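Below are two complexes that have chain A in common, paired first with chain B and then with chain C.
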Partner chain A sequence: MSWVDVPILAVFCLLIVLPLLSVLAQAVMPALFDPKAPGFGLDVSALDHALFAPRVLRSIWHSVELGAAVAVTATLTGGLFAALTQRFRLPLRALYAPVPWLVFLTPGYLKAMAWVLLMAPGGYLAQMGLLPHWGSDAFFGLGGLVLVHTLSLFPLPAFIIGSALTGLGQDIEDAARLSGAGPWRIWLRINLPLLLPAIALSLIATFAEVLSDFGLAATIARSAGFGVLTYGIYAAASDYPVDFPLAGAEALVLLTLILLVTLGDRLLRRQGALRLISGRSKPSQRHELGPWARWAWAAVIVAIGVLAIWLPLGVILVRAFTATLGAGLDQSNFTMANITQTLSPDAPALSSILRSFGYAALTALIAATIALILAARLDRAGPNLRASVTGLALGTIAIPGIVLGFGYILVWNRLPGFRDWPFPHYGQASLLVMGYVASALPYCLIIILTAVGQLAPSLTDAARLHGHGVAARLVKVVLPLVLLSVITAVLLTFIRTVFELPISQLLVPQTGSPVPPYVVRLLGHDDDGLASALALVCMVGAGAIAGLGWRVAQKHLTFAAKERPQ
Partner chain B sequence: MMKRASLGLALLLSTAALPAAAADLVLYDALDFAGHVAEAFTKATGVTVDVVEPGSTGETLGKIAAEGNNPQFDILWVDGSAVFERLMQDGSVQAIPADIAAAAKFNDLGKALMPASMAFIPTGASTTAIEVNTTKVAEADYPKSWADLAKFAGAVAAKDPNLSGPAYQWLAGFFQTNGVDAGKALLAEVLTNKDLSGLGSGGKINKAVLTGDAKVGINQDSSIIAKQVAGEPVVAVYPSEGSVALPEGLGIGAKSQHMEAVAKFIAFVTSPEGQAAMQDGDDTDFFFIPVIDGVKPKAERPAVTFITLDDKAASEHETEWKQWYKDSFVPQ
Partner chain C sequence: MTAALVCEDIEKHLGGKAVLRGLTLSVMAGEVVSLLGASGSGKTTLLRAIAGLTHPDSGKITLNGAEVFGPTRVIPPEKRQIGMVFQDYALWPHMSVAGNLAFALAPQRLPAAEAQARIAHALDVTQLGPLRDRLPAALSGGQQQRVAIARCLASRPQLMLFDEPLSNLDSALREDLRCEMMDLVRREAITVVYVTHDQAEAMAVSDRIAVMRSGEIAQFDRPETLYNAPATPFVASFIGGFSLLEGQGADGVFRVGDRTLHLPAPTGPAVLVIRPEDARPESEHPATSLTGRVISAAYQGRCWRVTVTVAGCTLRLDWPSPAQAGTDLSFSLPPDRCRILPLDHALNPKDA
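Right after this comes the complex of A and B.
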């Protein structure tokens, strides 16, 4: 490691390691942030409380139970979705093709909001007589959480299993068919065993996602009284009287669980390297099905799409344009009032949207820039540094935003030295943006690092021989070549950040709230009409900005084909 | 071209995020009218206010606790008197300077609510009452006292004092009027349905009572009155054991650097103009009982006679009683 690597590690320490340590250390040093007599005394009573108090134990059990159930249901749904859409020619493609991406980009708490509007005792389904009272009761508990999580997370297994299916090719299937195996037998005896590593990876990734989720924990789980670990951390750190040591101990338990599944994931990835897939595989074909099977399976896929995205979006749309939930779809109930209130120039809703868009744009630019510099530097760094920073980045994805946000308060409002720094400063937008950058950086780094890794070293070497410095090489050679992935990273970060909940909730600037905590607060006050209107306007706006950016990028970045010699 | 377009777009968006110049005052609150009053204050005096509303009273106090010995607010405006005593002990708020307190023209209730510790200055009051759904309970069967709630065991909606400031004031007052042990025994008999006894806000109590999930609820009276005014079939019954006043108080941040602006804000709130702004709305908190001489409550609010809460006992037992409530009545 050389001295140039020091800034890289310093950035990571400041953004991630230090806040994380200040949360976790309290589990064993409860007086660390005591307002009157801070100290470093060791005391494991908080940890003891976290591991043996019935309430905390129950929340650990709830998290694990929910995670395990959703891992299975989401993997089954995602696997089915991937298999059907990739291997069979089905009608109505336009209705389901964009579904995984739309679901992936719609935040959990908005989907949760839509489902609550549907399933609440006085909600839309009950009004239409489609939902008995017991159905509503069952929804506000494990059953409803599994349903909403499954519909919300199935794209992850669909992506993982889908890419494994693509890699599987056609050869093996053809060989089995020539040997007389029927379609069901081929799937059960050939494809399924070959897909096992991808299935296991899906199970693990979904489990970890559920464990670190805060969106559903703060909405459906909270109103159902179904305590989970992430909400426990939030409550311990933010409900008066606060219990920081307990929050630290719960965070430690949560991270240990996530670390365990991530280790499982790494073990599987190693095994994955032994797979049979070769570059010579014939690409798979989409099979034709009989007319009945064709429409039956299409109905299944469309139903998944409808439940996962079209129905929730429809509910938000309807609620945004109606006065009360109680009057349902009655014609007289329709109104523009919520939208007008959201868009009125002196209302807090519009300024929260503009603020969120601004913070998100700033975050996307900063995170992508840091990621680009890091990627270029890491690409030339030794394998150890590369492995450790990539490992750290992947690990950070697993750190729940709620833990990171809590750490930011501790470091920037309590630690001597940090709390007096003018910039970033707790209570100001600067710290919120820094928190956003920390949570976005790992994704940006992975997207951009993949692209930078494909560049031949000779390109930058040539530039260096022509006398270009480090900065010039980065801007004039590397950036233009990886621009498309940089833009992908910027746009994804933008959308994710506009809807980021946990860090926004903990680091709300004094100048005003960004959209996510405002939406959740409106929901808490049963002001779901305005919450829906705000979410709708925000989704349309963010989608339009990202879509426009993407179109512009695609239009101007297809030069590769033109310039390639024929 | 593409680069310039996306850069332009990004810059345009970024300007929205540029931190606005810091305001003269930072107000933390969990009251419906606070934002409206702050606006009126800025209009009247030119002093700007950043209004920070982290959520419920519990969440607001939690944010203050996370800030520890480095509180970021100049003014805190929430329901509850015991909480201010505790914040004073923790060094989050400072005593109200005598000249600022003396300038307010309190009525008798206001004078009674002004704490000896000067931890806060009262700006209004409400109390806790029994919310009854008039379509589900016949008038002859209305509960008259806390003890009568035993007849509605399992059908009583209540707030978790861990989430709601007013709910803790009620719990502490209830223990004062009914005795701690007898009170605990009564609640254990009444609150047998955890789906109803761990609710997070007055709005949720209203909902439970209006949908019929609960026959009666324990709720802040201004929240019941606000629903009544909106035309819902509910009524507030004041228990015969007596009602403990729930002051909405205004405290000053221990590290506030803006005492002059703070004094102006308090002077505005206790002026007729400020009181008018506090009544200019239909949400729960707008239906407070005035503590300033000559100010009348909104027409729909009935008069209540109060007993005074023993703030010392309430703040001493806060953690213990809240934990007991959580362990006994909040779903796991």
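Right after this comes the complex of A and C.
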């Protein structure tokens, strides 16, 4: 520890620890943040009362039921996707290769919006006669939520199981084949047992993601009257009359569930069962399939891709360029009106876009800078401190944005000293950006820490032996080598923040709403044409900025061989 | 000659385990000394302690008469003027070959002309001139290694450390580079400490070899002394594919099973060190002949490498003719080449 660490730790506490503690304190001390008569009285009766209200019990059950169902369906879908794309040479690669990343980067509430436009009683599928009335009814309930969650979360298991598959390597399979095992037997007796830890991790990660989701909770679940915990917290913390003790109690339940899940994840990782990647194993090859199997499996993969991203994007595109949902794909229905309205200089849409882009850029720069300094400090720290900070960062990723946002309200709207602090101040953009930074910081830290950790220690040792001091080593050796990761962190944070919903929703500044709450509000008022246009413009804009930035960075910051060694 | 590097009573514990135990070592100016040992013997820890990248718990390290580590004084690595060739070469991947050299020289704040001259000289002697603008990723393994050496040479260090510099190369390249590398270092008259676990490599590069075992130096001698007169069974087992025949020494004889050899031996459990090339036909030295059961024979070009068991010990012998597995083979050893050492407990270097 040195003097540099103190401000960094203070920032970490202010951004994450204090809001979280406030939420926990609120749960057990209902009067703590009471504006009229604050008190420190411990009172479990409020928690008790809140927890046994039928509405709350139902939302807990809904969250767990939905999480469990989606964990299974998303893991199956993601596992199938990973196995097929990694182990077999399939046609139409361009149609499915970018799918997991695109799905991962597209916010849940936009995919939900597209599916509502498709599945609503008067929606596109019903108009085409493809969806019977009962199908639409079933969509607005558990079934629809499972479908949309599965399609939007399957990349997570696909990444986890995919990387485990890469680690299995070819040798294990070759050995089994030489011992006479056929392909099915190899999968059943060799690959599947070895993938079990990855499958378990996928189930856990997906379950936790569903528990903390707010995007679908605020759209499909809300209109279906399917109450879940995250939306319950939001409603209790922001709908008039606000009920902070209830929000605190619900947040406590949600955090406890997530803590249990995270503990399960830790236990699995500690067993080291995932350490399959050895330096010796050869990377696996993609097998050729017969013509029938080849096209059949390609069709399955492409179908997943179409449902998960191409169809929703298409729906948003079509809806952005049409006047009404009811007139469907009729030629006369096509218009530029929504786009024009979104881009007109004096409309609220354009200013919300500019506002969101500005906040996101600021957030990305601040979060990446803090993360870089922290990562460089940590890299020189002992293994214990490193492990504990990495663990803490991973842990804070699991904190739902809605809980963090609620914590910000408690601290900056109610806590004496913070309430009257001029900057950041509750109701202003400064506090929103601070919330954004808090939720982005763990991601940035992990991306940059991973990059710093991959640098061989000998690189800085060599600079040291040649006489270079701390600053020269950081600026001349470490920074240039991790700059691509720093820029990746900046760009990912930018995209994530432009579309961040829960914190934006809770901390909307008085000066005007950023894009995500605005889209959700438009959708709630059945103004889905403008909502689609707004989403489309944002996606195109943010995607273009990030894509361009990454391409430039990658071109100039890769130090791999341009000429082959002789 | 003066000592360029002196390590005295170096102790180091890592995770509660002693890695270096009161180790003392002295290297003369211009000398090439190898630290030879199995993994875990402490040789890399000692190298890093000399560089200043890790600090011993106690002891003293002196470099050309100046204390760089001691109870009251710790000079940080960036002030020690020590060059190091890392196992992975540690070339800065975002800088060209010349850029790597220039960045290494920068802290010395030399006049531009001198810096350029030094870089040019280092590139010249390592024959890297034509590659000066390449990035490390565009070089072969051998070229990368030469850059690592050039980078050290340009800085004119007081001492150069090599941390298993050949272990990342394939064996065909290894011998060529070893000669080339040591040629360079000797021409520049640099003092070198060289870490390796390969005894053939240590023999080839060093003036003296320190055989390390569990954080101590088991023997520190010239390569030919180590070969001809290993001090302990451990050193013998670590060098040159020697075999050890266990027996009992008493009253000037050495007993192996029911066979008594008339050789001067210490009293008590002892081992006879057998070099493969010392095996002779039984008739040449009947007083020191032995008979063993052949396990295998492998043709090696100049001879057959025959594995036999004698009194439960496995011996490797160079033999002029093939031997049938399962048959008995009688052989003798020249008495003046026989070396009998008192047995110590851990023979296997891996146990150390």
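Keep this in mind: the second predicted complex is superposed on the first by the 526 of 566 C-alpha atoms of A that agree within 3 Å, B and C clash if a C-alpha of one lies under 4 Å from a C-alpha of the other, contacts with A are read in each partner's own complex, and residues count from 1 in each chain.
Here, a residue touches a chain if its C-beta (ideal position, glycine included) is under 8 Å from a C-beta of that chain, and two chains touch if they have at least 3 such contacts.
Bear in mind the structure is a predicted one, so any value in this text is a computation, not a measurement.
Visitor: Answer with first, second, both or neither: which of chain B and chain C does A:H49 touch in the superposed model?
Guide: A:H49 sits against neither chain B nor chain C.
Visitor: For A:A462, is the partner it touches chain B (first), chain C (second), both, or none of the two (neither)?
Guide: second
Visitor: Given the touch rule stated above, what does A:T511 touch, chain B (first), chain C (second), both, or neither?
Guide: After superposing on A, A:T511 lies in contact with chain B but is clear of chain C.
Visitor: Looking at A:D526, would you say it contacts chain B, chain C, both, or neither? Reply first, second, both or neither.
Guide: A:D526: touches chain B, not chain C.
Visitor: Mind working out whether A:R386 is in touch with chain B, chain C, both or neither, as first, second, both or neither?
Guide: Neither partner.
Visitor: Using the superposition on chain A described above, determine whether A:L365 touches chain B (first), chain C (second), both, or neither.
Guide: first
Visitor: After overlaying the two complexes on chain A, where does the chain B footprint on chain A coincide with the chain C footprint?
Guide: In chain A, no position sits in both the chain B and chain C interfaces.
Visitor: Once bound in the complex, which stretches of chain B touch chain A?
Guide: Within the complex, chain B contacts chain A at residues 1-3, 5-6, 9-10, 13-20, 22-23, 26, 35, 50, 52-59, 61-70, 72, 83, 86, 90-92, 162-163, 194-195, 198, 200-201, 203-204, 207, 211, 213, 318-319, 322, 326-327, 330-332.
Visitor: Would you pull the chain C residues touching chain A in the complex into a rising list?
Guide: By the definition above, chain C touches chain A via 51-53, 76-84, 86-90, 92-94, 103-108, 134-141, 143, 151, 155.
Visitor: Which residues of chain A touch chain C in the complex?
Guide: Chain A residues touching chain C: 456, 458-459, 461-469, 472, 476-477, 480-481, 559-566.
Visitor: In the complex of these two chains, what residues of chain A are touching chain B?
Guide: 33, 35-36, 54-55, 58-59, 121-122, 222-227, 237-242, 244, 348, 354-355, 357-362, 364-365, 406, 409-410, 413-414, 419, 426-430, 433, 483, 487, 490, 508-513, 517, 521, 524-526, 545, 548-549, 552-553, 555-557
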